[in-house]
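Going by the order they are written in, the chains are A, B and C; count residues from 1 in each one.
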Amino acid sequence: MNIYRYALRRLLQAVPVVLGIVTITFLLSNAIPGDPVQIMLGPSPSQAEVEAIRARYGLDQPLYVRYVNYLAGLLQGDLGRSIYYGVPVLQKIQERLPATLLLIVSSFGFAIATAVPLGVVSAKRRNDPTDHVARVVSLVGVSTPSFWIGLMMILVFVYHLGWFPATNLVMPWAPPSALPAAETRVDVLLASAHHLFLPTVSLGTLQMAAITRIERSAMLETLSEEYVRLARAYGVSERTILRKHAFRNAQLPVITILGLQITTAIGGAVLTETVFQINGMGTLIVDSIARLDYPTIMGTTVVYGLVFVLGVVVTDISYAYVDPRVTYGEAE
Amino acid sequence: MTAPLLEVENLRTRFHTPDGVVRAVDGISFTVREGEIVGLVGESGAGKSVAGASLLRLVEDPGRIVGGEVTFKGETLVGFPDGRAEAGDGSGDDADDRWRDDVLSAEAIRRRIRGREIAIIFQDPMESLNPVFTVGGQLREFIELNRGLTQGRARELAVDMLREVGIPEAEDRYDDYPHEFSGGMRQRVLIAMALACEPSLVIADEPTTALDVTVEGQILELVADLQAKYDTSFLWITHDMGVVAEICDRVNVMYLGEIVEQADVDDLFYDTSHPYTEALLDSIPRPDRPVDELDPIAGIMPEAIEPPDGCRFHTRCPDARAVCTEINPDCRPLDDAGRPHRAACLKHESVFGAGYRESDPIENEAAGGFDVGRTEEGTDD
Amino acid sequence: MTVATRRSETDDVVESTPEEPGRSGRTEGRPEGREIEARVGWRYTLREVGRDPTAMAGLLVVGVMTAMAVFATVDAVVFASLARFEVFARVGVRQYWIAETLWVSPIAEPSPRLLPPVGMENQFGRGTWAHPLGTDDRGRDILARIVYGSRIAIQVGIVSTLLGLVGGVLVGAVAGYYGDLVDDALMRAVETLYAIPFLVLVLAVMAAFGRNLTFAILGVGIASIPTFARLIRSRVLSVREADYVEAARAAGVRDRNIIRRHVVPNSFAPVLVQATLQVGYSIIVVAGLSFLGFGAQPPTPSWGQMLSVSKDYMIQNVWFSIWPGLAILVTVVGFNVFGDGLRDALDPRLQNE
């Protein structure tokens, strides 16, 4: 079975999970105690108004009918209408998702780019000062709330040093005309990177720390494997052993952790967006909860779930790509 | 007689563990000549594998070679400056400043000796191949590295070698991954690996232990054939006297880091001169003895952290006497007839003259438990 | 969702505890000739942890924080309950009785706002020993609020972890032991739970049931079920095949008893490690929830909520936003270091680190 069919099969396997997410969020949203209609219409609406709204949002129908309707809508890409914004939820998500994805992807980029070398060096120079520094950094990294890192960075780099802007994220694909100081695409990209730096580090630190820990222990483990001893016994240089013989095996647990970190990163992004006032999915869901805008809550949760599931499928495929022992055929 | 291919003199390797210093290899000497298969035999824990690894300076932390000399084809692989046998600390075996000036540097050992001159086959074929690379690719890499061939030539040779060690459809299997091979097949691959580099010496570290008996037989046959063809010398590390009888020319028997008997294979079996060797032989089934005489070796091997005083085997030796608790015999030639038969046992009174005959038998694990009356008698005297 | 064949079952932290204890070859090159004395069992583990100074430092932090939390809980909860009785009310017992009697109330607002720590000065005045860490935006003592905030952190951390642990152990043990359909169904459910981002899931729970600490604990607990379930399941899968379990089954021991007697004890060590680390993680998550306004509600002090308020006063009084963050950091480091130490002690292969 080739890797494309494997990918397809993994995607199909994800369908029940997505269905489960939809069901859970639907049930939770419908358990929300407040009456959204009252929020929309203010304190003393007329009976006719209330019923009109209820009918419009399908609230007058029994739960299972609404569930089926919601599923049917989902299949057509219809996530319902936001009660607060009065626009389709999908439209709102389309506005907000890019910023969140940008943040998550760049934080993973930052985490991988720093953690992999750090973990490898740490394993190679086990118990050296480099190793100790790396271990302390990763320990503090996994123990610090990302939003506090964000706050502290704003304090130092924005207020005291003035090196970075604190708010108003610029998207790298924004037209140069949208920015006062930008003339070319390069300007926009630079401005975007400038804005993105602090949120990325703030969100990525936890990932970085977690990956460093895994990278280190995975490298230590593979470096003590029999096949590494064999390579050594056949005169392979330590450099080649580190880069080839041990490295590839050691990435397997790292890939696994990357998959699991997606969910942490999504949660962390909610906080990071709040700290840096980024208009992303996180701020959308927090605001919607405050406003009992349950179609938006459902929509964002479902999209989060989709992002996670896709992320896991991608990591699974990378895993299968690195490890020939993963059978593309039968599961488990 | 020409100089031996490999000469090991008084080699000592230690492990510094939190619980104490383990003297895994404690002053062993032996030689391997060209075209010979030399056995290194002992129970697990005797220090055989560490001895094998020490020859290539492959001992890993916290282990260190602390003394002795290893010469291979006139080059010194291990050697210590006079009076500085314990020199240096903390750094591993690769720290070149530990060694005498004429000793090959770590880099030279890696480039010129490992794989190229001395290849090694490890015990567990399931763990020795890297699971994420193809079998052929791994074979090719080592051939390229050690024979200086181009990628294409190395590939051809790799396929040839796979065929030679009896892998069917070698050309197709070249691109398979290790998990697609059985244990026996993987061990064949490892043998191919060792021989493809055309070394003068192969250290085979219990290469058949992890395999079942029929496969073991096939592998031994294969090695015998290939050895005849390539005239490669082998240092065959095993705990199995049966394998020794089948394949070895000469044998060294190890106990607790020391060599206790050294002999041609026939002499070892028919003129056994050390009680430990005898015990080893008694503990395996032999066609010339009834099975009910099968005797496990009494007691368990003491820890190498604190080896017993005197002869290290005296705690388990059926022939032990009081003198054995005081004197640790070295491995001496047993007669002048030119037979290379050595043993380290005081009961050879004519060789050691330590007063074994007058000494009293002692109570130990070999005696205790079987015949209480006898041991009591023994201690009373 | 089932995950590719070799995907590790555990979360990052226990990654280096694979299931194959006696892989041959692994000990090659290590000293031969020594018996490996029993490197398992509680006594051994405790001794190993006791030898590890870092782990002991972690334990110390955990201990101090827990003591603080117990003190704060007694003070807040016990005295609030006592106050309901007339006898005590007459004496003048109220919530935060000890604090208010001996020291300073964590919720009263008697002092100038945004004072810096002792010995420092800002636009609002000089720090004094009356408020060693300074005061917040409403003139409340930051030290007192930090001490009382530990109650929420530790309570939430431990209770939610216990919740996740019990749930996860149940699900994981049953799934792993019965296998097949049961396994499939349960693990699918767990994966679904896992697929909803931790924080978002908790937010959804809070949205549905109200902004209440109990729901925060419940949410974090539920969200940590998958981690434990996966861990336990992988242990069970390896124990299930063990000879002594097969023997027990052949001897007619009931499934429930096999799980209880063999599977659970065998899985205890990694679960304990995971639980220790999970407490730290839960503390961070709940701090995040409080930061978003979904945790303990004011005026009850909690670290996350202090940070949330402090972000508007960062320029005026930096320390206001430093102390609660440091409190979280130190506490979580304590749990993580102790958990790491436990894990090292339980996994002899990682020794001499």
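Just so it is clear, a contact is a pair of C-beta atoms (placed from the backbone, for glycine too) under 8 Å apart; a residue touches a chain by one contact, two chains touch by 3 or more.
The shown structure was predicted, so the numbers you read here are calculated from the model rather than taken from an experiment.
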Chain closest to the middle [Cα centroid of all protein chains]: C
Pair with more cross-chain C-beta pairs in contact, given A-B and A-C: A-C
Averaged-CA centre spacing for the pair chain C and chain B, given as whole angstrom: 51
Where chain A and chain B are represented by their mean Cα positions, the distance between them in whole Å: 55
Centre-to-centre distance between chain C and chain A (centres being mean Cα positions), rounded to whole Å: 23
Junction residues of chain B - those touching two or more other chains: 58, 60, 122, 124, 127-128
In chain C, residues with contacts to at least two other chains: 25-26, 28-29
Multi-partner residues of chain A (at least 2 other chains): 224, 226, 229, 323, 325
Interfacial residue positions of chain A with respect to chain B in the complex: 224-227, 229-237, 245, 248-249, 322-325
Contacting residues of chain B [partner chain A, same complex]: 56, 58, 60, 110-111, 113-116, 119-120, 122, 124, 127-134, 141-142, 145-146, 177, 179, 190, 193, 197
Residue numbers on chain A that touch chain C, as the complex places them: 10, 13-14, 16-18, 20-21, 24-25, 28-29, 31-33, 126-127, 139-140, 142-148, 151-152, 154-155, 159, 210, 213-214, 217-218, 220-221, 224, 226, 229, 252-253, 256-257, 259-261, 263-264, 266-268, 270-271, 274-275, 285-286, 289, 292, 294, 297, 300-301, 304-305, 308-309, 312, 316, 319-320, 323, 325-327, 331-332
Chain A partner contacts - residues on chain C that touch it in the complex: 1-8, 11-13, 15-16, 25-26, 28-29, 188-189, 191-200, 203-210, 280, 284-285, 287-288, 291-292, 294, 304, 307, 310-311, 314-315, 318, 321-322, 324-325, 328-329, 332-333, 336-337, 340, 350, 353
